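Across the two complexes that follow, chain A remains constant while its partner is chain B and subsequently chain C.
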Partner chain A sequence: MSSTETPVAPAGTTELSWPDPCEVAGTVRLVAPDGSRLPAQALELSGHGVYAAAAARTTPDQLRAMYRDMVLTRAFDREATSLQRQGELGLWPECRGQEAAQIGSAHALRPRDHVFPSYREHGVAHVRGLPLHELLHLFRGTEHGGWDPTAHGFHLYTLVIGSHTLHATGYGMGIQRDGDVGTGTDRDRAVVAYFGDGATAQGDVNEALVFAATTNAPVVFFCQNNHWAISAPTSVQTTVPLVERASGFGIPGVRVDGNDAVAVKAVTEAALERARAGGGPTFIEAVTYRMGAHTTSDDPTRYRERAEEEAWSRRDPIERLAALLRAEEHADADFFAAVEAESAELAAGVRTYCRSLTPPPAATIFDHVYASEHPLVAEESAWFAQYEASFDGAPAGGHA
Partner chain B sequence: MSAETVETAETSATVETSSRPSTERLPMARAINAGLRRALATDDRVMLMGEDIGRLGGVFRVTDGLQAEFGTQRVVDSPLAESGILGTAIGLAMAGYRPVVEIQFDGFVFPAFDQITTQLAKLHYRSAGRLQVPVVIRIPYGGNIGAIEHHSESPEALFAHTAGLRIVTPATAADAYSMIQQSIASPDPVIFLEPKARYWDKGEVDLSGDGVDLGPDGWRSLHVARTVRTGTDLTIAAYGPTVATALAAAQVAEGEGHDVEVVDLRSVSPIDVDTLAESVGRTGRLVVVHEAPMFFGPGAEIAARVTERCFHQLEAPVLRVGGFHTPYPASSVEKEYLPSLDRILDAVDRSLAY
Partner chain C sequence: MPQLQRFALPDVGEGLTEADIVGWRVAVGDTVAVNQVIVEIETAKSLVELPSPWDGVVTELLVAEGQTVDVGTAIVVVDTDPDGEESDDDTGGAADVPAAEAAGSTGTSGGVLVGYGTSHAATTRRPRRGGAAPAASPTPSPTPAPTRAPAPIPAPAATPTPAVVPAPETAPGRPVAMVSTPSPTGAPMLAKPPVRKLAKDLGIALDTVTPSGPGGIITRDDVIARSRQGEARTLATYPGDDTPWLADGVVSGDGRQTRVPVRSVRRRTAEAMVASAFTAPHVTVFQTVDVTRTMKLVASLREDREFADVRVTPLLIAAKALILAIRRHPEISAAWDEERQEIVYKHYVNLGIAAATPRGLVVPNIKNVHSMPLHQLAEEIAHLTSTARAGRTQPSEMRDGTVTITNVGVFGTDTGTPILNPGESAILAFGAIAERPWVRKGKIKPRWVTQLALSFDHRLVDGELGARVLSDVARVLEDPAHALVWG
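And now, the complex of A and B:
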């Protein structure tokens, strides 16, 4: 490990060396990094007027709610990272920097929609109503899952990259068969599959796009292009902008500034409405940046420049929304202070909860292998119980 | 014989689906068809997915006529992508459906291996019992049909090593009819291995469905072995395509004065060790027969478990007759690779002479 190495930026590195990929034509951006809204006329010209109109309907309450969710998510994420550093968690995948992509898209969901996350969608979990501390079971090693996927329409984290995009598509095919698409009522539902730029190289993701396209399944493929698949830059996965992949599958693709929560919400809303109405799948590439390490086991100084991280830190999604709220006078100092206080409280609660999680009884190893009784599991479970009981009354460390 | 000739070996029997008691003499492929039809007719959540299973009726015609009867939303012609078929089946199961997927040939299951072993098998466990994924995977398996490579394999051990899956395989048309329905009724994922060389072997099938218990006792009975021939000198354990070969070997052995018992395991995971141990406790000798390679194969597991249970009753080591530690060979020499009647008799002789 070289975590103590000092990263050396190339001579002459400036911000210009790390141009903003969201300034590329065609990328939907409604709020600039400085928090100012882009002029309506310019958006109209670039064909993004429909999103600007949707964003204009986003109320100050909704903007404040998104800001609050982003700040709480970051506080939770920071706390979980610390807990791992202190040996309380086995591993933690940070979502820092991706809050707008996650919170913005999750705010477009309805209660009956269903989400299939990868393993970094802590912000989406929060918006879905999943108490954030429930995410810790998996990373503390007390459970593989940790929450009820049906209670919040939020599936378990999937660690095998891209596998869940097929589950999302199958779930969407189920929604179609239930008749919950295109009724024009609250009955209509859709599915969102979250995955990253690395996952787009996986066969399963490509098969999911094929199945969703040919069955017209109500699925939104939400790709957070955070630029790094552990150490591999996006150029290792693709030679074209990821959004261009979509058209080859016959799926509309939209590229959005993933650090602009307002734009992400508008784009995702449109895609979800289309899916619920029976219009079929959409591919969204949300261009963002993984500010932290891949996980707490990773060391980004080995493969990327600090200057790149600094360039992206100037595009911080939370600061951008805060600037918008201030500029439009939707929030005052009291609001920001209250959110700050709430996030400190959340972090403290998470810490207490994490430490209260103890290993389950060893006999639970045998629980839920099958949904119905199974003679081999029963036999091994009985043997194990007998073996454990053989220690009863024995001196510590010895057999009876 | 090429894969193409396999595809044209169509069966033409017409199956009545009415509930009147009726016993018909049917090939196994038609019995599975009748079982699938009954499952589709009795449970709206049941659906079939796979390559070429709809308009064509499958390359073996096992699903013949079902799309015409139940429509394209319930009998789905899938894109040509096995992982996609399994992955979407998992999603459909989570949405409350009971997908029955067909993998066209044994050797084509591996693109779906990850979805089966990493996702399907583990979701109930990972979710602490909150999610059930009752997917049935039908796989025509085994050799002896003169096919080109990848069309004759027996991959059951690769799946049996994974907790969370159930693996069954019928040896007769009657079992095929009932076991496919019980597999669909099971709350767990089931790999349903169809011995393709026996697709055209006929047997009596009660199509009334009255004899098929789809309750908890029904899918429990899926894993119960059946003694198909009683004997006192030696036990042969077989399943799927090798049961008929084992019975033929027992017949020959009888002519040589040996009274051989034959047990049809019916289930590879779990294995009904109780039935086997009871049999071997009486005969003292066991020969396990399967087409899968012997090395790390089901026979190895059976030998270990029966030896643990019957150590003092065994008169000879448990012997295995199965595939060699080679890829499945070219079809012109496959008969040398497969557990033939002669190779089974050789093992019987060696066990008796021990």
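And now, the complex of A and C:
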């Protein structure tokens, strides 16, 4: 019994003040911060053997792809942050530090699955095939949304905290009604809702969990516990690990090391598999850390200590996967250099693209109010066009 | 062709209208890369580092540290094609138009700078000071020279003190978030953003407010109370006393005092002077000199076609005399290295000239004057003083001086006891030149006479050496022919 207390390999350094929250029993970790895989026997004993087996099926190609996606995401994220600081974007929420949680989980998705992101899931967007630069429209204010949610199964960013979990549950219930659950064919689909530790204290999220549980909806609630809800630490959201909330709703919960991309992928795969098969919702708590500011409007030095940030920087998810690739000889220096070069190219492209964006014609605000024609909107649109035309010689639209 | 790009202060928060420049991370002449941090600013929300949008060379810093600027104001000029010709003309031209730029930016960053729309609304940064100031003095967008001018040269008593040294670089550590309003004890003053805004609008420094809220937080009522207390309807002294050098000040309740925060050049001057006065034991020696022949030389050089394009002044000859004296006594060109317990002898002379400018006292220096012909020296002095007066002296021009001249004579002062520019071991004060009765060959004659004073660092310069240097300077001024003998 006591053997279920998984002896996890030490993180290399002992930080008394900032212990690794993933070094507690029950948290799924397959790759230690130094890049070594945990012993299969120990994982078996702690009941994580199923995840270890799934991880063993992850091919070197997949590992390399995850690494590449993480590096590209970080480069993009860094570039976007700089662009905001240069006045090219109104706001930017950094995802630095959360790449494993995002990329690992996104790699578990199938094309027909649908994602409801919050506003920080740049890594998930990238894996879903949404060109990263399209995210900039929203933050530069040249589009209200910015992309077609159906094109990549990736919904629009939601800036209201947690409200989209209700949309996710509703979408999952819709999938049930379409008969796309439990057929045992490729037709089966599932939904992932991404949200943070702060959102778990929102009413909407609790309602979404209630409905998902009682309707057995195919939804994976993927909570990235990044330790900080703006300036509020997780300790003011909950006194127990967030994952324990799930059982109160009657939903199975899994706590995973959110900086271990391999473990995140394995855990999410299992949850999605269950959802598609009609097994119902799962709550995943991915324990990670927001290494940057909440957004560019935030200054984390005001509420958290440098030592804490340094402790987490030693658990960097990208370095961990790189160490694994090196240790298992799945990647050589050429590979890392190529990814580095690709990320520099991506950043330069994003910069150029961002600067080229201009305000759209003002009339486009009417375009997506409804999916189909609507008489009132048509009327307002016509009036607006007339109003714009009433300015002598001025070009229509574009109040820059 | 140089390609000049102007970086306008972005809104790094959501809907912020202004920010304080905390510290520049680059200097003019530095090469910068895209996304390299160039400046740290503080907004109402946070301390933020701004990255460069371009690769290039910094040609101008348009805003001084400590200043508050509106969003949309150009703060730095970067030459993105530095391999072109020398860009003197371009920077000069660029500096003339900062205010006009507020609405947008030029060049590749495009016209859509998010959040720039607010800047045109004539946000008055200058605090409203009750009835003391004429209503609405619309502050123009900041020009390179800060508006906080320390008055057209105060009392003569203050003049002999020269020397400003560039601040000890930007402080290496990241300042705490609320640097701009530390309490007297150095701890940050606590106040909510709307209260901070109110205090700013009322022109009240938070550190002058007594907090009454829980945990030492400043409340709205505290600020209002402080404002009532500080609202002097009129200054009790004399009219015209409130502009422009008291612009940032808070008038006391009785109208008899104004408190102005110590910032920028004033603060750096104070730091440099305290550092110098309390580390280097100063000794000052004086000598009165008959400079009639120097005046004749100046007059004849002014007629000389070779010198037609430069301004020949007694200061030029004094500078040359000092250079010659240093050549004869190179031990005076030295510095005390306290940390390593060594004396650093410098085999070159970088001659500093103390200049009174609208920004305050600055001491730029001319590099390598030891090998400079007189004509070039004249050109350099002219260039240095005009740059300083225009407020464009760069930190690099104030670094690594070896000796300084302070020309207190221009204010009519006979002489003074100058304080060393930190890092230097001697400074020469050049007094006013006036006709005085002088005993010459047994008779009293009217002669052009001046007084020289040389302060030196007694840790490494003894009285004898100091006296010899001063007397050599005096001998050249008395009889410039000595330059032939020693040169």
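Before moving on, here are some points about what is shown:
Following the convention adopted for this analysis, the second predicted complex is superposed on the first by the 349 of 400 C-alpha atoms of A that agree within 3 Å, B and C clash if a C-alpha of one lies under 4 Å from a C-alpha of the other, contacts with A are read in each partner's own complex, and residues count from 1 in each chain.
Everything that follows uses one rule, which is that a residue touches a chain if its C-beta (ideal position, glycine included) is under 8 Å from a C-beta of that chain, and two chains touch if they have at least 3 such contacts.
All values derive from a computational prediction rather than experimental measurement.
Look at A:G87: by the touch rule set out above, it reaches chain C but stays clear of chain B. When both complexes are overlaid on chain A, the residue A:A382 reaches neither chain B nor chain C. Residue by residue along chain A, chain B and chain C are tallied for touches, and B comes out ahead. Applying the stated touch rule to the two superposed structures, the chain B and chain C interfaces on chain A have no residue in common.
Within the complex formed with chain B, the residues of chain A that make contact are 143-145, 148-150, 155-156, 158, 160, 163, 165-175, 177-178, 203-204, 207-208, 210-211, 214, 367-377. By the touch rule above, chain C contacts chain A in their complex via residues 7-14, 34-35, 45-53, 105, 108-116, 174, 177. The part of chain B that touches chain A in the complex is made up of residues 47, 73, 78-79, 81, 83-84, 86-97, 99, 111, 114-115, 118-119, 122, 124-132, 134, 163-164, 166, 186-188, 216, 219-220, 223, 269-273.
Across the interface of their complex, chain C is touched by residues 78-79, 82, 84-91, 140-142, 293, 296-299, 301-302, 351, 355-359, 400 of chain A.
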